[in-house]
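Take a look at the structures below.
What follows is a pair of complexes built around chain A, which joins chain B in one and chain C in the other.
After this line comes the complex of A and B, so read on.
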């Protein structure tokens, strides 16, 4: 088969664009796990909720997703903060299944509430920037490109926040040793709520970005669940940089696999790579 | 203890005990025979299996609305007259589009809700196990939409399908292509077959492959044969594969509307549109057109419902207007077939004059409903020995100026087919 550089680049870009979404969802999830060892099963459902709020803002006030993005980010930070304070915090120290079941239950409630309010009709948001850029035979989907840029910048900003600011250092310190952090005078409970809020804000951001290029329905979160968990485990649980890299790697592998091997194996090949990585590095690519 | 021993059983005691036993036994016999256990038969219970959650929930909501609306309509018109005006009570069960859930719900409807008839279950993959449950318990099952050919190849005795089989429908596509070649004079040779990996879509694609082997009808060169997962998050790679293969005609089948939307977006992104895009499944719904807008132009699909039918058939106009006004729901092929299922149910119950399953089954076997009672442009509804409606057929529609218009067969067509479809660049210009 003859090598087609245009096709190769199209697949590479498409994979990177999809990988950016995995990375963003995975970053929020892994941050929550890294800080408080809570598996948030409602993460992708919160992303769906954010997508619907974005749709609502678009349908009612004609607000473009890129304009409503900061508001959704802030709203979901607040939502995550309060959710942690009133639901997760009382369960800290209890068996891990408690938070797992809680988030699973909340996920079901939100999904059905969405179904009740917005019905099952697929909804679409028409952003300002749409269509494809065409040059030298290459087609770049503009909404996917925008979401890639925003997701990448967000992930990098999160990295800067966690490594270069006192708040970020506090979060990382709490991740490493909760008792020591407590003894050093850090308000651990506040760190938990803040981290959860930040993780949820990432989910909110992902929800907005998905609206740019994906028809939304109450179950859009479902196809992302498997890849998101794969991304965070492969990157090393709790390691947000690992999640970002794994997101991109798995996104690109998925697209090349879908084209060269077959669409039905688009997830099989990344998962096979995932297993190989775990066999060689059981704590993930960037695990301690 | 000593007192007890003095009170040994006398003959009188024995006689009293025997009498009590005999009376109790006779009473129990009479109760069971004259006052049967279970709910009193003061209503007709109809179980409706449809997906209310999952990717096909939009279709399920429409079906639920139609089932409740039809039951209400029948009840307001005096219920089932041959049963003394018994009212119909619809019990909706969510299948989630999953075979195991559909089977459990069918079982629950039969054993706990004691339904007299089941209607359902939209997805072929769900209908099969649900119909097996109905078969096991001997409860009539009216299949409204599921079109997998295997459903009527199981030897079921209690299964009656109103809608057609994919074996019939798939053939309609090739007949349409043949007609297109003959009337338009275009010599197209290559086709691509694309299907999501669901029982229904794979069934359709398999029928297409089989029909293509028939040189009198098909005989085209298949340059791409693509299968993809049911709920994809992107279809760019699949669209790129199609573009590379560059077929004249693409035969594409997906069920959920979001997949249809993604396909349209992906084809536009890679800048490829075949001479004719013949679709089956999620494309033919108002929500699809509302979502993709002008990008949906020239897509061709097979239908059981079209707004054009309102001009052709008075019943279609009457039902569609009343249903949409009263429920706010769109008319789709799934609401159309649910309507037909209730027409069949009402007719069978009236003729059966009984709620005994066997009598309802006999009435269903003898069904012969004329075409003017149903919305699709069929001769009517009549079941063959496998439970298949022998009159079910497709018509082909194309998006023309934002509306699905009938293009084939010619006797009911309202517009001329646009072929070959313009490319994306031509449309932009």
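After this line comes the complex of A and C, so read on.
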């Protein structure tokens, strides 16, 4: 096969654009994991829900996804906050598999409720900005590019929030040692609910962003589940920058795999990477 | 404790005879419900064995799928009796289970990571089978319908022989489990589950126990996959390895009680008839997945150890025994 630089670059950019969404969801998930040691299995289902709410806002009120973005962010923050307060919190201290099973059950309920309400046919949201940009012979899809920019900025903002502000420091402190954090006067339960809300808000954002360039259906979250977990495992659990980087890496790998191995097997390669990383480097590629 | 076990055995034998009687003389739909309950009970018992060492698997559909595909392919492609699947499928699923569990026990992959790893395994298998010509891609493998015979493992005039075969497998599996609970292996399992590091520190070979449990678990679940293939006579990546198969496998054990051998059986006989009822009443596949989700969420709040766990909690309070169930 001949090396084609344009093709190579296009695959690279498509991968990076897709990877930005992975990075965003992964950051949210790793935040939840890092703070509470809870694996939120329903994360990607909440993303699907956000996509459908965006679709509804678009179809009913003709709101562009970019306008509904802040509303969805706030809504999902609230949703995550309340979800943690009322359903995860009572389970802290119970056997650990309880939260796994709970979030699995919740994801089943939401996914099938979506299927019931919106039916299985794919829905399309037409954003204001469409079309593609030609840039030195490269085709750059504008909605994808916008989603890339927004996802990257939000993931980086979250990182800055967690490392530079006092609230972020509180969350990270709780990650490191919840007893000590409690003794320092941190309201640990509040931190849990807050970081769960923040993580969920990231999933909500990602849901809006995939609306920009994917036709959405109730099962859109399924490939994301393992993908996102791959992102957080590769990045090292609770490592936000690591999650961002590995999101990009995985997106690129997915696109190259799709091109060379075939579109059906494109998810197999990242999954194999997940298995290999988990077995050989359980602390993640960027782990300490 | 011994009295309790004997009581269960006395209950179990009439229960089996009753099921056989109903499936031979009752309407065929009741027979189907019994068969599906038994099949998922077997799969779920397999899943529960993994839980004995604290390995929560989200990917038992992989082993279920191995069983189903081995039976289907050996019959459809190689024209040998599906019974050979009872030898080949356990071998393959043991290999896969060991290949996953040995490195993860060796490199300390545990808890939620193990769950995700198994989920990834099932997904890899599903996507591979979707793309592989040998497994018939998305179309799956279709059986030729042949007259009833034991050697072809197909029964159409009555489904009762399926129930009988499922009962045999279930009984073998259950007696294996109960025997195992009386040996030191069960103590190994419990220490590994409760605290793997501490267990290693006192010289328990946790790696051995984890590998053993996952191999046993894979074997039993693959048996159930064979039954599934022979009953539905059609195997595809969606119906044998699909995401919801995982839920179907783990739900009976979670509802009935993971750490009791009879838990999955109880759970399966609660949930499957219920699901058939809903299917008749409402028809929508979607709705009863929601109900599955609601059941899962509810049981997590009421008693994470399942219904049997609820009973033993109450009875142990009454008798003043504080020990956890093995």
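Simple rule for what comes next: the second predicted complex is superposed on the first by the 264 of 288 C-alpha atoms of A that agree within 3 Å, B and C clash if a C-alpha of one lies under 4 Å from a C-alpha of the other, contacts with A are read in each partner's own complex, and residues count from 1 in each chain.
Here, a residue touches a chain if its C-beta (ideal position, glycine included) is under 8 Å from a C-beta of that chain, and two chains touch if they have at least 3 such contacts.
Being a predicted model, the structure only gives us computed values, none of them experimental.
In the superposition on chain A, A:124 contacts chain B only, with no contact to chain C.
By the touch criterion defined above, A:215 reaches chain B but does not reach chain C. In the superposition on chain A, contact of A:134 is made with chain B only, not with chain C.
In the superposed pair of complexes, A:71 makes contact with neither chain B nor chain C. Within the superposed three-chain model, A:115 lies in touch with chain B and with chain C [touch as defined at top].
Once chain A of one complex is fitted onto chain A of the other, the partner contacts of A:255 are limited to chain B, with no touch recorded for chain C. By the document's definition of touching, both partners, chain B and chain C, reach A:267. Contacts of A:12 after superposition: neither chain B nor chain C is touched.
Comparing which residues of chain A touch chain B with which touch chain C, the overlap comprises 111-112, 115, 222, 262, 264, 267.
Of all the residues in chain A, the ones that touch chain B in their complex are 7, 10-11, 14, 18, 111-112, 115, 119-124, 131-132, 134, 139, 141, 213-215, 217-220, 222-224, 255, 258-259, 262-264, 266-267.
Residues 52-55, 57-58, 60-61, 197, 226-229, 231-234, 236-238, 240-241, 244, 256-258, 261-262, 265, 268-271, 287, 290-292 of chain B touch chain A in their complex. By the touch criterion stated above, chain C contacts chain A in their complex at residues 51, 56, 58, 100, 103-104, 107-109, 111-113, 115-117, 119-121, 123-124, 127-128, 130-131, 243, 247, 250, 254, 284, 286-287, 289-290, 292-297, 300-301, 304-305.
Of all the residues in chain A, the ones that touch chain C in their complex are 39, 87, 90-91, 94-98, 100-102, 104-109, 111-113, 115-116, 222, 225-226, 229-230, 233, 262, 264-265, 267-268, 271-272, 274-275, 278-280, 282.
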